[in-house]
Amino acid sequence: MTEVGEYAQLDLDRTWRRGYPEAVYCAGKTADQVAGIAAAVRHRTDIVTLFTRAGPTHAEAILVELPRAHHDPVAGLLAWPPDPPVPAGGPVVVLAAGTSDLPVAREAMLTARYLGRDTDLIVDVGVAGLHRVLSRLEALRRARVVVVAAGMDGALPSVVAGLVAAPVVAVPTSVGYGAAFEGLAALLAMLNACAPGVAVVNIDNGYGAGHLAAQIAAP
Amino acid sequence: MTEVGEYAQLDLDRTWRRGYPEAVYCAGKTADQVAGIAAAVRHRTDIVTLFTRAGPTHAEAILVELPRAHHDPVAGLLAWPPDPPVPAGGPVVVLAAGTSDLPVAREAMLTARYLGRDTDLIVDVGVAGLHRVLSRLEALRRARVVVVAAGMDGALPSVVAGLVAAPVVAVPTSVGYGAAFEGLAALLAMLNACAPGVAVVNIDNGYGAGHLAAQIAAP
Amino acid sequence: MTEVGEYAQLDLDRTWRRGYPEAVYCAGKTADQVAGIAAAVRHRTDIVTLFTRAGPTHAEAILVELPRAHHDPVAGLLAWPPDPPVPAGGPVVVLAAGTSDLPVAREAMLTARYLGRDTDLIVDVGVAGLHRVLSRLEALRRARVVVVAAGMDGALPSVVAGLVAAPVVAVPTSVGYGAAFEGLAALLAMLNACAPGVAVVNIDNGYGAGHLAAQIAAP
Amino acid sequence: MTEVGEYAQLDLDRTWRRGYPEAVYCAGKTADQVAGIAAAVRHRTDIVTLFTRAGPTHAEAILVELPRAHHDPVAGLLAWPPDPPVPAGGPVVVLAAGTSDLPVAREAMLTARYLGRDTDLIVDVGVAGLHRVLSRLEALRRARVVVVAAGMDGALPSVVAGLVAAPVVAVPTSVGYGAAFEGLAALLAMLNACAPGVAVVNIDNGYGAGHLAAQIAAP
Amino acid sequence: MTEVGEYAQLDLDRTWRRGYPEAVYCAGKTADQVAGIAAAVRHRTDIVTLFTRAGPTHAEAILVELPRAHHDPVAGLLAWPPDPPVPAGGPVVVLAAGTSDLPVAREAMLTARYLGRDTDLIVDVGVAGLHRVLSRLEALRRARVVVVAAGMDGALPSVVAGLVAAPVVAVPTSVGYGAAFEGLAALLAMLNACAPGVAVVNIDNGYGAGHLAAQIAAP
Amino acid sequence: MTEVGEYAQLDLDRTWRRGYPEAVYCAGKTADQVAGIAAAVRHRTDIVTLFTRAGPTHAEAILVELPRAHHDPVAGLLAWPPDPPVPAGGPVVVLAAGTSDLPVAREAMLTARYLGRDTDLIVDVGVAGLHRVLSRLEALRRARVVVVAAGMDGALPSVVAGLVAAPVVAVPTSVGYGAAFEGLAALLAMLNACAPGVAVVNIDNGYGAGHLAAQIAAP
Amino acid sequence: MTEVGEYAQLDLDRTWRRGYPEAVYCAGKTADQVAGIAAAVRHRTDIVTLFTRAGPTHAEAILVELPRAHHDPVAGLLAWPPDPPVPAGGPVVVLAAGTSDLPVAREAMLTARYLGRDTDLIVDVGVAGLHRVLSRLEALRRARVVVVAAGMDGALPSVVAGLVAAPVVAVPTSVGYGAAFEGLAALLAMLNACAPGVAVVNIDNGYGAGHLAAQIAAP
Amino acid sequence: MTEVGEYAQLDLDRTWRRGYPEAVYCAGKTADQVAGIAAAVRHRTDIVTLFTRAGPTHAEAILVELPRAHHDPVAGLLAWPPDPPVPAGGPVVVLAAGTSDLPVAREAMLTARYLGRDTDLIVDVGVAGLHRVLSRLEALRRARVVVVAAGMDGALPSVVAGLVAAPVVAVPTSVGYGAAFEGLAALLAMLNACAPGVAVVNIDNGYGAGHLAAQIAAP
């Protein structure tokens, strides 16, 4: 265990025990704290470290310490070392119901990729235009697990779970307004999916969805 | 206006003013109160009276006063006089996502029929098996308005509204358990339907859905 | 289907299939994404495209691509091409309970107009001053459908539905404070309207209300 | 202060200090506990004691001890001594929006009467039929305070408060179903009444409404 | 009725009908709209107009039109004409549980004063230090009505209502954090006050509390 | 660890490790399961076992196995062996705001007593009659910890915590109706107590309150 | 597709398409409806049919039609044909935090078993006694997927997910009272699990948890 | 009692009566009000005054009046006089589940220290890595009371309460997102802790947690 300042204990060895990367959730930390952690992992290139929910200030601070880190501003994610592992296990397909679900969907896809899976991303396939999702059926049925990011009515996971035999990881997004209640409507809909095989994670939790998908699709 | 006992004022003339039947909501009334109202409308065969949310005790009390009334126990509805008007206006198609949504769906269908519309009822077409609803597309597209009763994830109205040009009346049902929260999940999903053209009514409000549909499909 | 960048699929042909315009919800998109979509529809003047929930930055970006687009800043709406279709179908009357409900009411009215309906807008007719709404009774009774935008206690749709035979589309607004809970109080009141014939849409969803009204009043 | 068994302290002297009766809320007590209290007040005929929320079992137990007590089964209320005081102060008018609101409305009326006010009760005047309440305008405007019991959309207090100069005590009832959420919808509507002058009490709290009204209309 | 622009109808004559001032809720209006209304009432010095929830920008715009208007920045309230009526009716005593409740308490006090009541304001008398409120008992018992503004646990109205015979108007404030849920905790506590005689208004609704108190204490 | 059937592992040795009794929560178990556990502890008279939330059927089944067990039907609690330990540590004083809070208050008192504390119980001291609680001040100030059981507005813990230097364990009860929301109002009020020193436990959790109090008052 | 009466469409062929059994949710159906479905599958012994949430009346009706069906009364589940398939894929380990979680845990275990997985069940390993779960670490680490059923604080999935590399399916149960809010507390805790790799399903949804686990552990 | 301006009454003598410092909650006050209070206590060095929830502006204003005050920017706390009392009573150990819980944890620790307790702070010991908390077992078991600050799933207090005999003060934090609902998930989990001995305070209420802990650990 590595103490970082007075505020964190990095548990890099856990990486070996559980077989998965260390993740640093930036939203609740100052830029200085995040930079301190970035400095602490600089020489650990044998282990993947993901910085999630990194705003522009966080990203800047991290890139000072790790200039070659991979940075995806849409997903708010940085990865160190920059190159993902060679893919193993089954393919992970990520769907974004609408354009506004893209940040969450990309966070899920990149997480699964840096955990060593082969990934694919399909955007703007909401249930209001069923032909969009039906036209991707072949791609969906090749997946070992499908991640679906959707806000508003959260109806897409039900539809997808009825079409494929693989498990579906449903990640509600806070996209919408009014009675969407910041993602609550989509969350409840997904928990009540009328097709079995839907695994729900927290609202906007692209990282968690990608991590879970990578575990499900592990070799 | 007709005073009934000390507890109600029947407004049969409103029937003419608004052009729609009087409805008596039984759930909040005693069997005696309902019987009193039934007696008061016995000779008004020029106007339709609907008794909604009538449990077995209510039904029994009403049938003593109006032995020839039409009684649908599944919908908990009685109609007086028993024969619906000759249909006019556009056709109303009612969908029930699952078997458990049938009471609400039948209440909607019968209400629309007694308000003078031609009606059709299609059961067990949930989104977990898309082929079921897609196989009814032709029937759906003939409707002037579609009523959709669904519980759990409440996803069916979004899908239907994306398939037809007619307005969709969505009635969430309290079918489900746990995070369905007695219909709240379905209600929120419907309010956030990602296709426009969805009109939402109260949970389990088959009467309201049928009434609204009849108004939309009026000649 | 037209791919726009990596983030959207425009479905202009759906316009023909369902008979209604394409709508672009701007709130969840960047100005760049919105501008990209505006550029993609520039030459499609045979189809109406509505840009909804457009803030000043969105509007500016759209007007660069479509300088002649119609822009209503109160409603946060832009329409392309700028001229609405020749009205057909029945008249749509839109009520705003108070001055603060105006943005939502205008969004509803403009949507219905660009979907091809004849529209009328009446402002500041809340139930605290019944004479205001009663003095407009004649106008209300001419409508094929009435849209009512109200926040706070959301009482106006109940009152209006008791006065007219036409269906009422109720759109709760987030106007109010405290126990208004961002429109929740009005939403619940409307779902429990004691007069039948009230169709509820999402909080602040003027676009949805106008779209639904246009469908109900279709020729 | 009078100790009753090990479970209550009667505070009859408070009657003099605050000038109002002792009330015994039966719902949370056993029949034995209620009977014990009834026995303790048998000889205190100088002070009014109200037993509220008394179910049939409570009522039976009380009437054994106080056979001449006034019992209103609809309101679930018993009063001892049976005759209310000679009225003083201003008149209290109680409205029940619908038949199902009658138990709460009667509880309010009887409480105000036993606190020494002149009372009047008007039933079935919901806002879906405005002419009903408008036809009672004269009676309403004579009141020193108006109590309004309403469930569902809870819209009546807003309308009444816009019509009279007197304060309105609004008591939401649990009448309704689905998104009425056991009176929550009506409660929120009343708290957001768009006319000033509305005082809200707890759901189904007819006793509290009547007590408050009696205080407002005190001489 | 006076039309102001396209956005409001001033109902100054209602002042005479109900006997109370016109109030303009500024929070939902632009500075321009508010200024337009201010201009419209400039010459109506026979009627009190209150501008509530006026931020600095609103106040500035109003004072351009009505330079002599009374402005209370803590309460966010402006009054025109500046001098309140000569007091009539019973005294209104306003309590603020803590310093942070002061804006709401002042809004209540000023409203009651401009509606023609004699008013008094007592600050920082929360239940955590009972001696503070007990030391004011004499002042409290002289009131015809007591207004209590409290956030957090909302316990003060219960305590006060147990001490005085006058009705208590309880106004929950959004003071607090966490499980205070923006005033919800205080609101629920007040609705469940264990002493009768508590009239609840909306969270932070100082205007409504003052108006109601003025009606209760009317001559 | 003792396996009981296939459904429970009794952890009697934990008694020594943590120094506190084993508790068996009966509400979620069948009478047979509870009887099996009772049989398993029959010969362990060196350790206290508490059976909580025991309805009549549970109690009967337990008393067959442990005929001499102490049974308090009001609290729904049985204790084995029947005699509590000799008191040690500081005194625990339990308050019940009203008669209806008695079951929860007794559960707390008995739990503390069987954990080895000296206990006292004071009933019916709600804040609506402040003199009641003020008259017990001396007893309160002798306590090492005060437990307060209150429903409805949950105001009593704030008042008590302002009067004593000892910590207050606040246990909200589900006493009340309507906007009490089964104890939620009291829970929120207690979490927002305006005096520091209030420790909150779950609604109706008399056992937890008594256990916590016994730990706080441990020697 | 097989029509059963007017109320259901059995989709046995979907079994082949998705590779999983048909499930009949009994709670929303009458005994007659369930019996009709049982009769319809009597001769389909090539496909597994599960009857879930079957109360005693449902079970009796099913066993008349399918006397040899496997019936687990604790889980409320019946399976036809009675013998599960020969296990394939990875092992599924099911944990029940407490005795009261057993019905949900057994439903999950049996569902996974009838979907063809090898299963194991471990009971009474809540986090209040960490040694219990730590003593089962070896068994947990052999699982391809772990199902965790827990009510109250829902803390067990977080702990388990921190100990194993396999994904965890967390099923909140309605075990608890008060602020458990029928499983809501556990549901929220699981959605916010501080270890990644937790897949959440609906409250009490043992069937869904077992189905999802079987898909994850598929060969 | 000391009047400060028109907005506060300082109750320094209460310090003696209850034996604890005066606390000034800055969040709801202006910098000027806070400075006024700071000036009022400048010469009272015999009594500790804590300024809590002090943002940078508040801190600056206070430090002008009390330049030597102790200021902890992470906790948002200032203390006057700067030196804490000599420790007495039992040791207080404060745990922060994660780095983001540090502000709340430090506020708790400092409050307990300025109330005269010996304190210790342990950071980043969430349940996802059980070995972290297990490695601190010895320190935990020496505590007279343990304070646990945790957000997200709020699982740490359950685990800790199962490991120690001392009472646990659980303070939920608003750390997390989505279904954490600003600390609600952690709050509910803590109220439902499956180990007894957990005392819950308001979300983010580090001050309250530290105060309560100091009272529990009082000599």
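A few points about this structure:
The chains carry the letters A, B, C, D, E, F, G and H, assigned in the order they are written, with residues numbered from 1 in each.
Keep this in mind: contacts are C-beta pairs under 8 Å (C-beta built on N, C-alpha and C of every residue); 3 or more make two chains touch, one makes a residue touch a chain.
If you're wondering where the values come from, they're calculated on a predicted model, not measured in any experiment.
Counted as hops between touching chains, the shortest connection from chain A to chain H is 1.
The fewest steps needed to get from chain B to chain H, moving only between touching chains, is 2.
Set side by side, B-D and B-C show the greater C-beta contact count at B-C. Comparing the residue numbers each copy contributes, chain F and chain G share less than half of them at their mutual interface. Here the CA centre of chain B is 45 Å from the CA centre of chain E.
Between the Cα centres of chain F and chain H there is a gap of 27 Å.
Across the assembly, chain G contributes 98, 129, 178-180, 184, 187, 191-192, 202-203 as residues in contact with two or more other chains.
All chain pairs that touch, listed by label, are A-B, A-C, A-G, A-H, B-C, B-D, B-G, C-D, C-E, D-E, D-F, E-F, E-H, F-G, F-H, G-H. Chain contact summary for the complex, chain H toward chain F: residues 18-20, 23, 164-167, 169, 187, 191-192, 196-203, 207-208, 211-212, 215-216, 218.
Touching chain B in their complex are the following residues of chain D: 98-100, 102, 123-125, 129, 132, 175, 177-180.
If you check the complex, the residues on chain A that touch chain H are 1, 6-9, 11, 14, 25, 27-29, 33, 53, 172, 174, 182-184, 187, 202-205. Interface of chain C with chain D (complex): residues 97-98, 126-130, 134, 152-155, 158-159, 161-163, 176, 178-181, 184-186, 188-195.
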